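You will see chain A twice below: alongside chain B first, and alongside chain C after that.
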Partner chain A sequence: MASYLAIIGTKDNPVYELEIIPIKEMNEDILKSHLHQFVAHASLDLIEQGQWTSNSLYLRSIDQFHDTMISAFLTPSNIKFILLHKTKNDDGIKLFFQELHELYIKMLMNPFYEPNQPIHSQAFDLRVRTLAKRQL
Partner chain B sequence: MSARSSFDGFITRSLTELSQAAFGLNESKLPPYLQSSPAKEKLEFFVQQAYCPHVITLATREADTFLQCKGFRDLVDFLRPFGDNIDGRLENKIRGEKAFRNLKFSLRFVPLNAVRSPQQIMNDKLARKSFDTSPPSKYANCLPSGNLATLQTVTERFVDYFSENELGEDVDPSSPFYYFFQRLLSGIPVSAHETFAHPVASLLVVTSHSVNPLEDFMQLYKQLNSAAFPHFVSRDLVHCYIYLHDDENSDLQKSVEAFELVRRSFGANCYFLKFSSLKDAVADNKSDIDLQQEVNGTQWKSASELMIEIETGNNAFDEVHLLPLPDILAIKKVVYDMLNESIIPYMQRCVHLWTERLSAYRGSFTSKLLLVSRKYFSRQSAPTDYGHYDPTTSCYFPDKPEAQLRRLADHHFMLRDYKVASEIYESLEKTFSDDKAWCYLASCQEMHAVSMLMQTQLLTQKNRSVYLYPLLEQSMQTYIDRCHMPYFAIRALVTVCSLLSTRPGLSVDDSVRWFSRLFEFNLFSAFGTAFWSTCIATLYSSKDSESESSFGQRKRKTAFWYLVSTSYWLSLNRPRMANLCLQYAYEVYETSHWDELRVTIKNLKDQLEHSLE
Partner chain C sequence: MQPNGKPMFKSSVSASSQSSLPIRGRNICDQNLNKIKNSDVSLSAFAFLFSELIQRTQSRVTGIQDFEERLNEHGFRVGQRLVELVVWRERSPKRETRVLGILQFIHSSLWKQLFGKHADSLEKSKDVNDEYMIVDNSPVFNKFISVPKNMNQLNCCAYLAGIVEGFLTSAQFPCKATAHTVPLPSYPSRTVILVKLHSSVLRREEYLG
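Right after this comes the complex of A and B.
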């Protein structure tokens, strides 16, 4: 099931992006990736609004664009995790976000990493991919 | 310090201020970014001007000829633009004291043969085709809207016209949406289930060229009375009379005397209109340019009429006439007087009368229950108060209480009394549903939803989902499934979505969700996909405000939808429109910290500039 994950910083800058495409759909056109980025960017408006009305960090499904659903998770330091997905999977996505949050916190504890900067670490990338395969 | 930089993103506002904003208490205490916006006022203005009293206008042949010499098609064509925007005075009783509200009103002047049902118009058209060779534009000003294909063509032409002619830095790409909205609401068809297009007043016009003005007025009156209105249209009208004095060819003294005679015969609703002559202008030593002023064509032409103008090669979008300034002022004064002294008081009197007469039918639930229980428990005394629906003609005759109640509700709506109007619509829904009068039911639900939105009180999320959305859903379904009138369903959807999007609070997302249904209907096919994307961007952009806080704003959403519509317009081979949409998106994305977005938008802009050369 194809999804797109983006971790967005406080200035609308992308900190980390990941296209999760199962092997079966690998042959399909990936030209739509630009559209994913624009869709994620557009849903930031709704996150900024939803953060004041919701108590929890997991904001659930905040938006929909045609058949793509957008779920979001907001960290206490105002970093947004946005996931674009086609199928509904609330529990799986919630667990995914929570574990992603823990991975992100571990990243933050690295003194050489400045918050809001892009994450280039391959270890992080590998862990996120494994997590995605497991939960999504 | 690196840790502190990550806190830059925190927005420092007090939670109390935001909680009020989020949950919306009293509208007047709302922060400025949640109060009335220009977009809201514009849309409400359109709705108010669309649902306005219709005035049948009859003129003598001399009057028509006189105005044809001035460059108009006939008298109705001449009067129409002056009905668009009139200052009206509504009386308000606040704690026993009379107060006046100054509001913008509108009057729709229609010719006599505009008061026909669409079926009659179709029959007449077919009958005419065989022997009539006069140009179609002669009948253009009485054609109502209702044809979706025509609407599509007119909208497409407007988009082309708009993108070709609007040049400059800050062109607003939201104009096509407002134009479409106006076209959707203009030319309301004369139908049984809604009475907005039924005439409220009649206007008889005689000029000073006529030898016997009284006789001419009687002739026109007879013509009016013998006209074949559809059987569901009530003939209760207020009659107004205008005596048009042409200063160039007639003597003022004689005209004034004739007018006095007319006034003595007909009573209060007579108005004297004086057209100035060149003699006055020369005498005052004013040049032609000073004296003349431009008058735009009426904004409320129906799509069918615009279609005919397009086909005959006239300029459908930018009609302008030149008239002497004193004449313009004189006409505006007469129309103002007519509205405030004849028409509004008449409507208010009707409302009073009907409210008294129909209070029994609008009674409490208990009285209705009693009637119903009597119906079930005693076969002999079936109540004759309800069930006047005539399935053969699918209408209620105008003297039946249901039709009168509907008329009362529509009058309340036109007089800006939305609360009472929505109460009456609500009470009528049950009646129509029991009688299986589907068109009436759908229309009532539509108007109930619209009048809910026109009221100024706040609609919470709960109220919206419990009351408003089911109304809209049922109305659309009934229109489409049972009445087979997709035009009205589209009208209901677009009106409710537009009004909903400008409400204070967070209703714009719901509004866009409903509006996206138009994609599912596949309305207007490929042009539609591009056009609805632009409309959605317009709906989001109505939330733009100058304030610094970003709560409730949808800048990124607006930019995204403009970008989507740019790509659709490009695929439809309309690069100018695409360019207009791209300008807004470009402003938002070029300063973004997201590199790929910036690069993509730059490439798109270069591609467009290349294709525009």
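Right after this comes the complex of A and C.
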């Protein structure tokens, strides 16, 4: 159930990150958490390749790294939501991304938030964690 | 440590940036994104706000060009946010990847969500292949603005052109958009928004076939 979520902006800059670690695996995964960021950013090339041939927002599973699968969701203004996960769960992940998209748009509606800036809002953080607990 | 194996979270929102604002109180994350019935803003409130915006800009600019650029910038920020919102509110949200697709989307959905009706026409320029025109017969922006004779070329629809420019630029179609008045006998305040696409967009269109 270990997962890693990254929201990456249009200039490949990280906007938000979230690590979900089950307690049992806590000792091993702490060492691997820097690898998650690397793997997520490495899959950005594949997203850009597939971006212009598909009309949909949810781009399913785009890559695999050993036992971790990488799923991506692309918003109309080119913000990428990347999820690293070990178990296959297409429907749950699609719903998760859609809810995350809605949360992201609500953050955008704040006129003081510039697109592409890192998200520091505690409210956003809390809601994403609740969503992750529910769907993933 | 939770005893029953619940997951632990680590996020980029660091614990040291604890704000004193309540998280569980009324929050932007709780607002509804869908259009609520009868939630439209009254025309007078909008006209008042827009006229104040124009007056404030007028006191800070040096000329008509500068004025239109400022309005364009204001509209740009609105357009950036509208890209996401308008697509999300569609029945089956899709990303647009072709020029014609996104222009038709602006012509129908964007105009419908902003003004309640489609734009009046979408045209492609015959001479230059990177210019497109979106026509609005009676834009709501110009309704209550009276332009003095010495500023004749000013068109407050530069704000609307900014919205279109922000929309297209955020959707990865970099362009420049300007507003021009082209009056017809039946529509005295008819405005044309001229969209000039960047060369990279045309190259990509060719590549996609």
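What we mean here is this: the second predicted complex is superposed on the first by the 132 of 136 C-alpha atoms of A that agree within 3 Å, B and C clash if a C-alpha of one lies under 4 Å from a C-alpha of the other, contacts with A are read in each partner's own complex, and residues count from 1 in each chain.
We take it that a residue touches a chain if its C-beta (ideal position, glycine included) is under 8 Å from a C-beta of that chain, and two chains touch if they have at least 3 such contacts.
Keep in mind that what you see is a predicted model, and the values were worked out from it rather than measured.
**Student:** Touch check for A:61: first (chain B), second (chain C), both, or neither?
**Tutor:** neither
**Student:** For A:52, select first, second, both or neither according to whether it touches chain B, chain C, the two together, or no partner.
**Tutor:** Both partners.
**Student:** Have a look and say if chain B or chain C is in touch with more residues of chain A.
**Tutor:** With both complexes superposed on chain A, more residues of chain A are touched by C.
**Student:** Report for A:115: first if it touches chain B alone, second if chain C alone, otherwise both or neither.
**Tutor:** Both partners.
**Student:** Between chain B and chain C, whom does A:132 touch in the aligned arrangement: first, second, both, or neither?
**Tutor:** second
**Student:** Have a look at where A:18 lands relative to chain B and chain C in the superposition and call it first, second, both or neither.
**Tutor:** After superposing on A, A:18 lies in contact with chain C but is clear of chain B.
**Student:** Who does A:78 touch here: chain B (first), chain C (second), both, or neither?
**Tutor:** A:78: touches chain B and chain C.
**Student:** Let me test your reading of the model: by the given contact rule, A:106 touches which partner, first (chain B), second (chain C), both or neither?
**Tutor:** A:106 contacts chain C only, not chain B.
**Student:** Between chain B and chain C, which residues of chain A are contacted by each of them?
**Tutor:** Common interface on chain A, chain B vs chain C: 14, 52-53, 77-78, 115.
**Student:** Name, in rising order, each residue of chain A that touches chain B in their complex.
**Tutor:** It comes out as residues 9-14, 34, 37-39, 41-42, 44-46, 48-49, 52-53, 63-64, 66, 77-79, 114-116.
**Student:** Quick check on the complex: what are the chain B residues that touch chain A?
**Tutor:** 2-3, 5-10, 15, 18-19, 22, 506, 509, 513, 519, 550-557, 559-561, 563, 592-597, 600
**Student:** Of all residues in chain A, which touch chain C in the complex?
**Tutor:** 1, 14, 16-24, 26, 33, 51-57, 74-78, 101-111, 115, 118-129, 132-133
**Student:** Can you tell me which positions in chain C touch chain A when the two form their complex?
**Tutor:** 1-2, 5-13, 17-19, 23, 27-29, 31, 33, 77, 80-81, 83-85, 87-88, 93-97, 170-172, 204, 208
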